[in-house]
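Below are two complexes that have chain A in common, paired first with chain B and then with chain C.
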Partner chain A sequence: MNLLLSSTINEWTKLRSRKKTVFFLALIALLPFLGLPAVMKLQGGFGIAAIAGSDYPITVLNLLASFVLPLLIFMSAADMFSGEFGDKTIRSVLARPVSRFKIFFAKLIAAFSLVAAGLLLGWISSAIASFFLPHADGLPRALAESALAHAVTALPLFAICAAAVVVAMFFKHASGALAICILVYAAAKLLGFVLPQYAAWLPTAYMDWHELWIGSAATAGRIATVFSYLLGCGIVLSTLGYCAFDKKEV
Partner chain B sequence: MKKKVMFIGAGLTIGSALLVTSAFANMGGADGYEAYKSAIKQTASVASATHGITLSVQDNGNELISATTTVKSSETDGGVSGQAVIRAGAEPQTFDFYDQAGEQVFKAGGSDTYYVGSNADWSDRRDHAPKDAAFGKEMENVVDALVGNLKNQVALSRSSDGGQTVDLKLTGSQIPAAANIIGSILAKQAMNAHPEQAGQGTPGSNPFGLDVRQIAAALPKLTDDIKIAEVALHAEIDGSNYLSSQKVDFTITGKDASGLAHKVVVGADMALSNIDATTPDRIDLSGKKTEAMKEWHRGR
Partner chain C sequence: MNAEIALDIQGLSKTYRNKRGIDDITLQVARGDVYGFFGPNGAGKSTVMKIIAGLIKPDRGHVRLFGHDVGDQYELAMSQAGVLIEKAEAFEYMSGRRNLELAARLYPGLPKTRIDEVLELVGLAASGREKVGHYSLGMKQRLGIACALVSKPKLLILDEPTNGLDIESMVEVRELIKRLAAQERTTFFVSSHLISEMEMICNRIGILHEGKLIREGGMAELLQESGQSLETYFVAQLRIEREGARHESAAVQYH
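Presenting the complex of A and B:
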């Protein structure tokens, strides 16, 4: 267990020392404030408050969960897997007396904790930004709801994370893996508009499943179904990713 | 080595078990949405029915406007008849209308004049409307795409007598931002319409005796912080898959010029009865005071 922990810290340090990771986290922290003037101007001009302060964190979350965070995931997965295999730096990791099992999950956990950090940062900064918008109703309840929404969004992001790792295992260069991840993701999102009945079977259709959790008419059964689907996806994909990682020749 | 195989086996087994569970729970099919859609199609195919429609506007819990309409329609003899009662302010306004044998007849409760329009265009258009199945399917796909993920929000519950209940409730951020912005602007426009524009001339000159000014004046004038706070749909589907009743409520919040907060609820309540057993009322115009309606249109 100690080996897994120290390997995770090791992977996390590598991620953190990349400039682009810091850039992405800074972007997530700034995004709610960048969007603020546009929302205020639009609404002030018409006298409407379509996006009230209490809804703002969720509006930002929709943007983060469908674009920014998946991009961060694809980038990290491409660097941690394809990139390290491509430039052979994986050798120095594998040379340590740590099993491939632990190295694989240390990487997966590190990538996922980066996403979790992004979600937390996004929630804090959009919650602060929401104070600058007109409030329709109770802010404490809205903040609690948006915290729940951010927390449950971690699950579809975990499934996307595992899927990105599987894709990255097929590539020897980070750029190729990144490009294919983005293409596949965009295609899956597009499928949602063209053939929604088939897209419902892809994890990408549930990036906004937090809508089911907060004050909607959705039943507990529906939430349980989507939960078991996303968890199942995450488990199967990470197992497949591990199989590929274990067999990969260096 | 053994541990590794066990882990992979366990991961794949548990993961696939979870996936299969969700497949059996019909995750891909939005069953509430599908049930609602199928009931709408079934209901649209009825030959005759009596529709009771109530539209109401409430402001902070006080009823401002209510319009109750009863419409009897039958496709077999092509007739429609109905009564409407509109309450906005003190005096209720009543209003009768008939569509019989290619002519439309309107009468306001306060007058004894029947306005008759022989607007053949209407009937023609309705009779020859293309009932193209392929076109209908295309439109259905377009609507499905526009509804998108919202269809997952439609909850379905079954009652013991074979009926179904469909519920949809969207609050705040669940309403797509674009729809909320457009809806808020439309709501603002509707509430701040100038009476001179809405009501045509003086109340007395209105041919139907329908005082639009009275209705427009009853609405609160929201000017700031207008937003659509909630959209709720509740529909009852009976055992024969007809939409026996449905209710749609839009909650709009905002402030008027004096800074007073308003919560306006615009609701529509629709009920269906006497399916395939409705005969529209007919009116015999002989000996009654009538006026041609086309002239009124031209005169404007």
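Presenting the complex of A and C:
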């Protein structure tokens, strides 16, 4: 357990030492403020509150969960898996008294914790930004709901994270893995518009499943079904990723 | 399980897709030995080293470090070993010190002063805070040696440790190996394609040729056998090997 924790700290240290990680986290923190002028202009144009302050964190979350955080995941997975095998730095990680099982899951946990940090940062930042917009009563309740929405969005992102790791294991270079991850994700999203009945089988179709939690239309049964599906996807894909990682020679 | 055997390799074989690899390597390295694993480029030295470090899996055979099987008890086996395979690969976007911190974190109980000690030992104390991306090839190699040394291992597996080093640094590395072997009884399994280097630092040697261990023995014994130098001895051994292979092939054709 100690070695898993130490390895996770190592992976996290590597992630946060990269400039692009810092850039993405800064972008997540600034995005809600960067979007404020556009929203305010929209409000002025319509003369009504197009996006109320209480809805703003959810609007930002939709943007983060669909584009920014998946991109951060693909980049991290490509660097941590394909990149380290490609430049052979993985040797300095593997030739230590830590099993490949622990190293793999340390990497996965570190990548996922980066996503969790992004979600937390996004929520804090959009919650602060929402105070600059006109809002109806019940802002505290809206903020609590948006916190819940951010928390539950971690699950589909975990499945995407595990899927990105599986894809990354097939590549020797981070750039190739990143490009294919983006293409596959874009294709899965496109499938949602073209053939929605098939897209429902992909975890990418549930990036907005937080709507089930904060709306009143969804039943507990529907939430349980999607939860089990996403968790199952994450577990199966993580296992596949581990099998590929364990067999990889360097 | 013999506690005096640091490294035990039994019947190790591995064939790559291009049909190259290693065939039935068996050898033992006793505690305190400086074992030279010599062979020309492409002989299979790195393959053996990588299998020992668990980076690749053998087709047959097994490796034990201090009695622990690398395949089944990896963490235990590697807990007392330090490894440097081919050229040192460090994370270039971090400092040398930060690279060492990553390595040291995986050995609970290691004193914090150890990182300064190894930086001093390999002559990187002044440049420890610089990013590895700014290091020269020789500095990177020395950092690789530092990473292998950081855990105070009882067995050091070094694959071509003097690669990329200037003459002064090569001498320093040789002296370091001799010093650690004499003072701390550290066992070394060192590969090189430079036979003169092996002659200077090793007390035992294994000669690898085209994936096979063609000769193994004490350095003094081999030098006595050769009459001159290890270089002459190696060339003579190669001739014997090639002659044997030619006879075998002729016999097969005749039948």
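FYI, the second predicted complex is superposed on the first by the 250 of 250 C-alpha atoms of A that agree within 3 Å, B and C clash if a C-alpha of one lies under 4 Å from a C-alpha of the other, contacts with A are read in each partner's own complex, and residues count from 1 in each chain.
Quick note on the criterion: contacts are C-beta pairs under 8 Å (C-beta built on N, C-alpha and C of every residue); 3 or more make two chains touch, one makes a residue touch a chain.
Keep in mind that this is a model prediction, so the values were computed, not measured.
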Clash or fit (per the criteria above) of chain B with chain C on chain A: fit
Partner chain in contact with A:Ser175 - chain B first, chain C second, else both or neither: neither
First (chain B), second (chain C), both or neither touched by A:Val98: second
More chain A residues in contact - chain B or chain C: B
Which superposed partner A:Pro196 touches (first chain B, second chain C, both, neither): first
Partner chain in contact with A:Thr219 - chain B first, chain C second, else both or neither: first
Vertex chain A, arms to chain B and chain C (CA centres, degrees, nearest 10): 160
Chain B versus chain C as contact partner of A:Pro134, first or second or both or neither: first
Overlay on chain A, chain C to chain B nearest C-alpha distance, Å: 6
Contact set on chain B toward chain A in their complex: 4, 7-8, 11-12, 14-19, 21-22, 25, 27-30, 144-145, 148-149, 151-155, 157, 167-174, 177, 180-181, 183-185, 188, 222-229, 253-254
Chain A - residues contacting chain B, complex: 42, 46-52, 54-55, 58-59, 62, 101, 134, 136-137, 142, 192-194, 196-198, 200-201, 205, 208, 211-212, 214-219, 221-222, 224-226, 228-229, 231-239, 242-243, 246
Contact set on chain C toward chain A in their complex: 50, 53-57, 74-79, 81, 83, 85-86, 88-91, 93-94, 98-99, 101-103, 105-108, 144, 147
Chain C-touching residues of chain A, taken from the complex the two chains share: 2-3, 6-7, 9-10, 13-14, 17-19, 87-89, 91-92, 94-100, 249-250
